[in-house]
Each structure stands twice: as C-alpha cells, then as structure tokens.
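You will see chain A twice below: alongside chain B first, and alongside chain C after that.
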Partner chain A sequence: MTGIEIKNVSKNYGNVQALSNINLTFESDKIYGLLGRNGAGKSTLLNIITSRIFADSGEVLIDGIPAKDNDRALKKVYLMSEKNFYPGRMKIKEVFKWTRQFYPDFDEDYAYKLAERFELNTGKSVKSLSTGYNSIFKLIIALSVNTPYVLLDEPVLGLDANHRELFYKVLLEKYSQSPCTIVISTHLIEEVSNIIENIIIIKKGRIIKNETCESLLASGYSVAGTAAKVDAYIAGRNVLGVDNLGGLKQAYLLGKIDGELPEGIELGKLDLQKLFIQLTNQ
Partner chain B sequence: MNTSVSYRYQLASQIKGIVIYYLIVLCVSVLVIATSTVAISISSADDGLSGQIVGTEFATIIYLFVAACNSFREEFGMLMQNATSRKSLFIGRILTTLTISSFMVIMDKLIYFINRAAYSDDKYVVLSFFDSFYNTNSDSFKLQITGFFFHLSFNLFASGLGYLLTNIFYRSGKGGRLGLCVGLPVGIVVVLPIVDSIIAKGKISEAIFRGLDKILGVSAQKPLYGIISCFLIFTGLSAISWLLIRRANVKE
Partner chain C sequence: MQIDFESNKPIFLQIAEGIEDAILSGAFAEESQIPSITEFSVNYKINPATALKGINILVEEGILYKKRGIGMFVKEGATRQLKQKRKEQFFDNYILGLVAEAKRLELSEEDVKNMIERGFKK
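Our next item is the complex of A and B:
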C-alpha cells in the first residue's frame, strides 16, 4: 500500500483560495493530526480526497489508484465528516446494515459492541440523536468500517469528557489490533497530542508543517519557576507563550537550550497547542 | 463498481412511498366501487345512471414526477458518504427508475382489471390512460403490450423530468432556485396563458397542442410515436441530469 498521495491540489471558492498547491502523502498505518484554524482548508482537503468535492487542479491517488470519482479507490477510505449525510429518518441499526452493504469489511458485531460501550440506542433514528450522539454514531461506523484509511473530521464534536476519553481509548485499542491510516482533523490539539504520530499544520490553504510529533515538540521546550526567574531567563529568547499561576510562571520557548539552566528553573516539554497558536498566528 | 448496492439502496428508499401510494389508490378504488355499487342497486333501470373511470394511471405519473423531484439530495449525500462514485449513483438511478416505472405499470394494469371486473355493467366505462388517448377499449394482447410500453414511457418521462428539475435545483444558486420554484410555475400557469390569450390570440396553445398531437401520434392513432417520443425525451433528460451530476459537489 502506497498511502494517499495528494499532488499539486488547489481549490478556490470564488475569490477565496481554500487550498493552494498541496503536496502531501498520508503513509500507511500511521496516525496523523491535521491541524489548522477555522477555514484553513482541512475539511476541503478531506472532501477532495474522498471525491465529495472536486479540486480545481491536481490529483489524489489512493494506493496508486486515481481517486477522482472512482469506486475502487473510494472503497479504501471512510470519511467521518462534521455534517451528517445519513438520512434523518433512518434508524442506527439500518445505517449499520447499509454500511455493511457499501463496505463489505464493516464489522457489524463490533459496531453493536461499541454502541453498547457508548450507550447508543441503535433503535433510534439519526435525526433524533443529540449532537454528541450524532458524533458517536459516526465514530462507531468509522471504527468498525475496516478500511485502510479512516479520515475523522472533528470527531469529538459535542462529546462530553467521558465519551472523549472512551473514544481515544477505543481508537488506540482498534489501531493496535488492526493498524490503519487514521487522519484526525481537530481543534482539540491537547487531547490528540498523545495519540498522533505525525502532525500536518495547514494555514490559509497551505501546508506549513508536516513532520513527526516528536520532532515538532523537540523544536522547543518549556521552563517553569518563579515569575522573576522565568522572566529573567526568557528575556531575549523566542517565547511562544506564557502561563501564570499565582507567583509561578511557565514559559514556552522555541529553539534549543543554550547553556545550563539557572537554578530554580525547571525544564519541560513544549506545549503543542502553544506552538500551534504561534505558528498559525504569524 | 458500487452500481449494484447503489441500485439496491435507491430502490429501497422508494419502496415505502410506493406501498403507501398503492394503499391509497386501492382505498380510493374500493370506495368508488362501493359507492357506485350502492348507487346501481338503489337506482331503477330508467334512471339513466352511468359513469366513467378514465386514466387513473395519470395519478401514478404525477406520483413519479413528485417522487423524482424529492429523490436527489438525500440519496446523493448517503451514497457519497459511502464511497459510491457519481457514475454508480447515476447508473443505479436509471436502473431504479426502469424497475419502479415498470412495476407501477403492472400495478396500474392490475387495478385497471379490478375496476373492469367490478364494473361489468355496460353503464359504467373503465378506460385506461392509453385507451383515452387512442380511442381503444380492447383486451387484445397486442394492444395490452402497446399500452404497457405507452404507460411505461410516460412514467419514465415523468421520472426523468422530476429528476432533472431536482438536479438543476441542487446545482443552482439562490437566484436559480427562486427561478425554478417560483418563476417556472408562474411562467407556465400564469404568464403563458395570459400572453397566449391577449397577445398571441391562442396561437401558442394551439401550437403546443399541435406539437403534442404530432409527437404522441394521437390524431394519426400511432401510439408508437408517443412511445418513441417519450423514451427519447427520457433519454435526453437523463443525459442532461448526468452532465449535472458528474460535477456535483456535496454541500456541507
């Protein structure tokens, strides 16, 4: 499997450039975080991969097969999108039944087990679900569909903390049992930072970062201590952000540690969210 | 290709509506038969009571048009969600239209024969949609087959037209939608008759009726003309629908 290759893809909506000459590869069996601010082009990119919308130029290959309106390529991908495209009158169990028809590898038994774990009533119709359960039912399908590529666009929208934790747990369980490529497009950066292996940051339709989570986090560090000591240390350095807690302070810095840390200053890891905000605010 | 499952899905999404439609048609038929039976039983021979049931199949044609008008958006979303190409969606749609249209012709024929059997009295005439066009009222096998294809071609035409309109609606912007929802009906129902009667002095409607008469072969008593015309129009409408679908984007 060669993964999903995105070659020179551009897309405009009127005068607005949603994607500009995107070149990207989602490799097999990796978990990606697709991060970007609202309107950065994340959903547009995912929709182009799955042929829900067409790019103005460029092409997408899925395992070497052109994806544009091609059943053979599209069968390898499942996109759970923010918007619900399942008929509102349809019951969840009917959705499961039909998904099995479209995706022969869909594991219906596993889907019912997950429904139990998430306390989703499969006798309910799609339109009767709350925002949170709407996300849950689509997540259950995404986790049971068994395609080589699963794209999740804002997967935890409306989910409470308990369900979010359960989702991340189930996602990792599933991934360890049968690895596949998972692309998570989200705003909740802190939550996914422990799951994702690779980070792609998209800004105004352009890819500004595409590297492993580890290397991105290694591009900086954090220091903590009393406000006075931290202020003295960070003076003249590339500061991403600062958190204050009473008389204590934590600062996030870009670059390598130069020399020894002064006494009373503790070294920590870089905060992904702070880095993201700094990168996307520039 | 996902054509087979696309076909099965689109067919399944229509079944409930068709069942409800025929339950209503059957109820209406039973009601009409019951009331006329009572009327016949209480009337005397010299009351001159008579009646006609003509072209009930026209209700099916309207049903198919309306159903097609409501069939695109939801099915498109569901099929796009489930890795189905536009090509598979469209082929599935054509196969669904052919299946449903044929099935409804058969159902209408059954209802027609039930009505005929119920009204054995000469005072009551039951005419099919086809009979009313071509002044036939015969049970000959050839005419039944011709009637089948005539009705089928009209069903296809109605489905094709409804599907094209819903596709145009889906692809249009706000102005286009307004034009389609308001402009088109107002144009046909209000503006055209006014222009025809005041300015054209009835020449437009005359030309339309003459055109319809020719393409349907009514005066010439050639049902084959009507069958071929409707099939050709259905093909043309479907071709335009395909041109719209192949570039359609899913709307978020």
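Our next item is the complex of A and C:
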C-alpha cells in the first residue's frame, strides 16, 4: 500500500480558486490532521479524493491506482462528511445493513457495539437524529467500515464533551488494534494535536505546513513572568502573541530557545492555537 | 501517572518518566507486565506512536524488555538501575532549583540546611 497521492490538484469555483496546485501524500497507517479555517479548501480536497467532485487539473492516486471515478480505488476510502447521503426515513439499522453492500469489510457487530456505547438508538430514522447524534451515527459507520483510508470531515460537529472524549478513545482503540490511515479535518487544533502524528495546514487553497506534530511543537515555546522581564526577553525575538494578566505576561515565540532562560522567566510549550491563528490570518 | 499537556516537555518523555516513577514506587514491579501501547494511547488520548517512543527509550536503557507476542515487562534490577540514574540527576533536578528559590527569598545557606535537617526528621 502506497497511500493516497495527490498530484498537482487544482480546483476553481467560478473565479474563486478553491485549491491551487496541491501536492500531498497520506501515507499508510498514520493519523493526519488536516487543518484550516472555514473555506480554506479542506472539504473540497476530501471530496476530490473520493470523486464526489472533480479536480480541474491534476490527479489522485489511491495505492497507485487513479481514483477518478474508479470503484476499485474508491472502495478503499471512506469519507464521513457533514452531508447526508442517506434517505431520511431509513432506520439506522437499515443503513448498517446497506453499508455492507458497498463496503464488504464493514463490521456490523462492531457498529452495534459502538451504538450501544454512544447510546444511539438504532431503531430511529436518520432524519430524526439531533445534530450530535447525526455525527455519531456517521462516525460509527466510519469506525466500522474497515477501509484502509478513513477521512473524517469535522467529525465532532455538535458532539458534547463526553461524546467527544469517547470518540477520541474509540478512534485510538480501533487504530491501535487495526491501523489504517485516518485524516481528521478540523479547525480545533488543540483537541487533536496529541492524537495526530502529522499535521497539514491549508490556507486559501494552498498547503502552508506539512510536518509531524512533534516538529511543529518544537518550532516554538512560551515564556511567562513579570511584564518587565518578559518584555526584556522577547525584544528582538519572533513573537507570535502575548497575553497580559495584571503585571504578568505570557508570550509565545517561534524559534529554538537560545541559551539559558533569565531568572524569573518560566518556560512553557508553544500554543498551537495561537500559531494556527497567526499562520492562517491574512 | 499524569501527563501535563501544557508542559514544554514532550509527551513521549513524560510517558517514559511516568513509567520510571511507577517502577520506583513499586506500582510496576520487576518482571511484571506494564500496560500495552493501546492502553497508554487510549487512556491519555495520545497517538500510539508517541507512547511507543516513550517506551522505546526505556527499552534502550534496559529498563523494559519485550516478550514477543505478550507485551512489555520490567527488567529484573530495573529499580536499582533507575535509583542510580535518578541519584545522578538529583543535583540538577532538585538542588539547583532549591538554591535558586532560596536566593529569591533571601534564605541563607544555614536556613536551608536547617530546613533540610527538619525535613529528614519528619
């Protein structure tokens, strides 16, 4: 298995460039975070991979096979997205049965077990589900299809804190037991930063970061202390942002720590959310 | 064992240190099995590769070893080896910080020595 290769993919909507010459590989058995602001092109990219829409130019290869309108390639990928393709009146258990027709490795028993853990009533119809349970229902399918590639577009939409926690745990359980490639598209960077191995940041249809989470975290740090000491320390350094609290200050910096920190300055980790905001601002 | 996600210390190092602490406290006894990569990963909600990296540090140091098809075990003599390692780090990890804080508070060397003596008597 060679992964999903995206080669020179571009897509325009009218005169808006949604994706601009994207080159990217999702390697086998890794968890990726695809991050970007609303409208950055995350969903467009995922939809092109799964042939729900077509690129204007470039191509997508799945395990070396061109994916465009090719069932053999597309059967290897499952995309969970906000859009609902299931008939509203269909019951959840019918959707489970029906999914097996398209994805032969779909594990129905496992899906029912997950439904129990998430307290999803499988006798309910698709259209009667709340926003949260609509996400849960689709997540359960995504976690049970057993395709080598699982793409999750905004997976925790509408989920409460308990269900988000349960989802991340189930995802890691499943991944540890039978590894596959998982791509999580989100704008909640802090929430996924410990779960994903690689991070891809997309801005206005272009990829601006593609590296391991560990190396991104190592690209900066934060310092805290009295405002006077912090100000003295950060002068001339690459500052991402600062927080003030009375006479105290915390500053977020890019770069490596050079030499010893002055007395009274406390060291902390880089704030990924702040980095993300700065990178994806105009 | 707790992971501080706000710390500047990488999570894989915190995993390694957490396991060391558990061995030193006796929670993970010598020749007993430690939790699996999956358990670490799910429990702390971290990527399995991160947990594996932490565990591998201790495998390389000879603190843990792998039994094929079963899992990770604490090596015989690991406690003694860890105590030795921690003793070597004691000055850097504790004394330097203690002296720095004492200076900030204008405590004398004598004051600190007295407090250490009191600490030992407790």
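The criterion applied here is as follows: the second predicted complex is superposed on the first by the 276 of 282 C-alpha atoms of A that agree within 3 Å, B and C clash if a C-alpha of one lies under 4 Å from a C-alpha of the other, contacts with A are read in each partner's own complex, and residues count from 1 in each chain.
Operating definition for what follows: a residue touches a chain if its C-beta (ideal position, glycine included) is under 8 Å from a C-beta of that chain, and two chains touch if they have at least 3 such contacts.
Since the model is a prediction, treat every value here as computed from it, not as a measurement.
Peer 1: When the two structures are superposed on chain A, do chain B and chain C clash or fit side by side?
Peer 2: Chain B and chain C fit side by side in the superposed model.
Peer 1: For A:Tyr78, is the partner it touches chain B (first), chain C (second), both, or none of the two (neither)?
Peer 2: Once the two structures are laid over each other on A, A:Tyr78 reaches chain B alone.
Peer 1: May I ask for the angle at the C-alpha centre of chain A between those of chain B and chain C, rounded to a multiple of 10 degrees?
Peer 2: Once the structures are overlaid on A, chain A sees chain B and chain C at 150 degrees.
Peer 1: Quick check for you: in the superposed arrangement, does A:Gly255 touch first (chain B), second (chain C), both or neither?
Peer 2: Neither: A:Gly255 stays clear of chain B and chain C.
Peer 1: Let me test your reading of the model: by the given contact rule, A:Gly39 touches which partner, first (chain B), second (chain C), both or neither?
Peer 2: After superposing on A, A:Gly39 lies clear of both chain B and chain C.
Peer 1: Determine, under the contact definition given at the top, whether A:Glu214 touches first (chain B), second (chain C), both, or neither.
Peer 2: Touch partner of A:Glu214: chain C, not chain B.
Peer 1: Does the superposition put A:Gln101 against chain B (first), chain C (second), both, or neither?
Peer 2: first
Peer 1: A:Asp69 in the overlay: touching chain B, chain C, both, or neither? Say first, second, both or neither.
Peer 2: First partner only.
Peer 1: Check the superposed model and tell me the shortest C-alpha distance between chain B and chain C, rounded to whole Å.
Peer 2: Once the two complexes are overlaid, chain B and chain C approach no closer than 28 Å between C-alpha atoms.
Peer 1: For chain A, which residues belong to both interfaces, chain B and chain C?
Peer 2: none
Peer 1: What residues of chain C sit close enough to touch chain A in their complex?
Peer 2: Within the complex, chain C touches chain A at residues 5-8, 10-11, 37-38, 41-42, 44-50, 100, 104.
Peer 1: In the complex formed with chain B, which residues of chain A make contact?
Peer 2: Against chain B, the touching part of chain A is residues 43, 47, 50-54, 69-72, 74-75, 77-79, 81-83, 85-87, 98-99, 101-103.
Peer 1: Which residues of chain A touch chain C in the complex?
Peer 2: Against chain C, chain A makes touches at 31, 165, 168-169, 172-173, 175-177, 194-197, 213-214, 217-218, 221-222, 263, 267-269.
Peer 1: Touching residues of chain B toward chain A in the complex: what are they?
Peer 2: It is residues 1-2, 5, 8-9, 13, 74, 77-78, 80-88, 246-247, 249-250, 252 of chain B that touch chain A.
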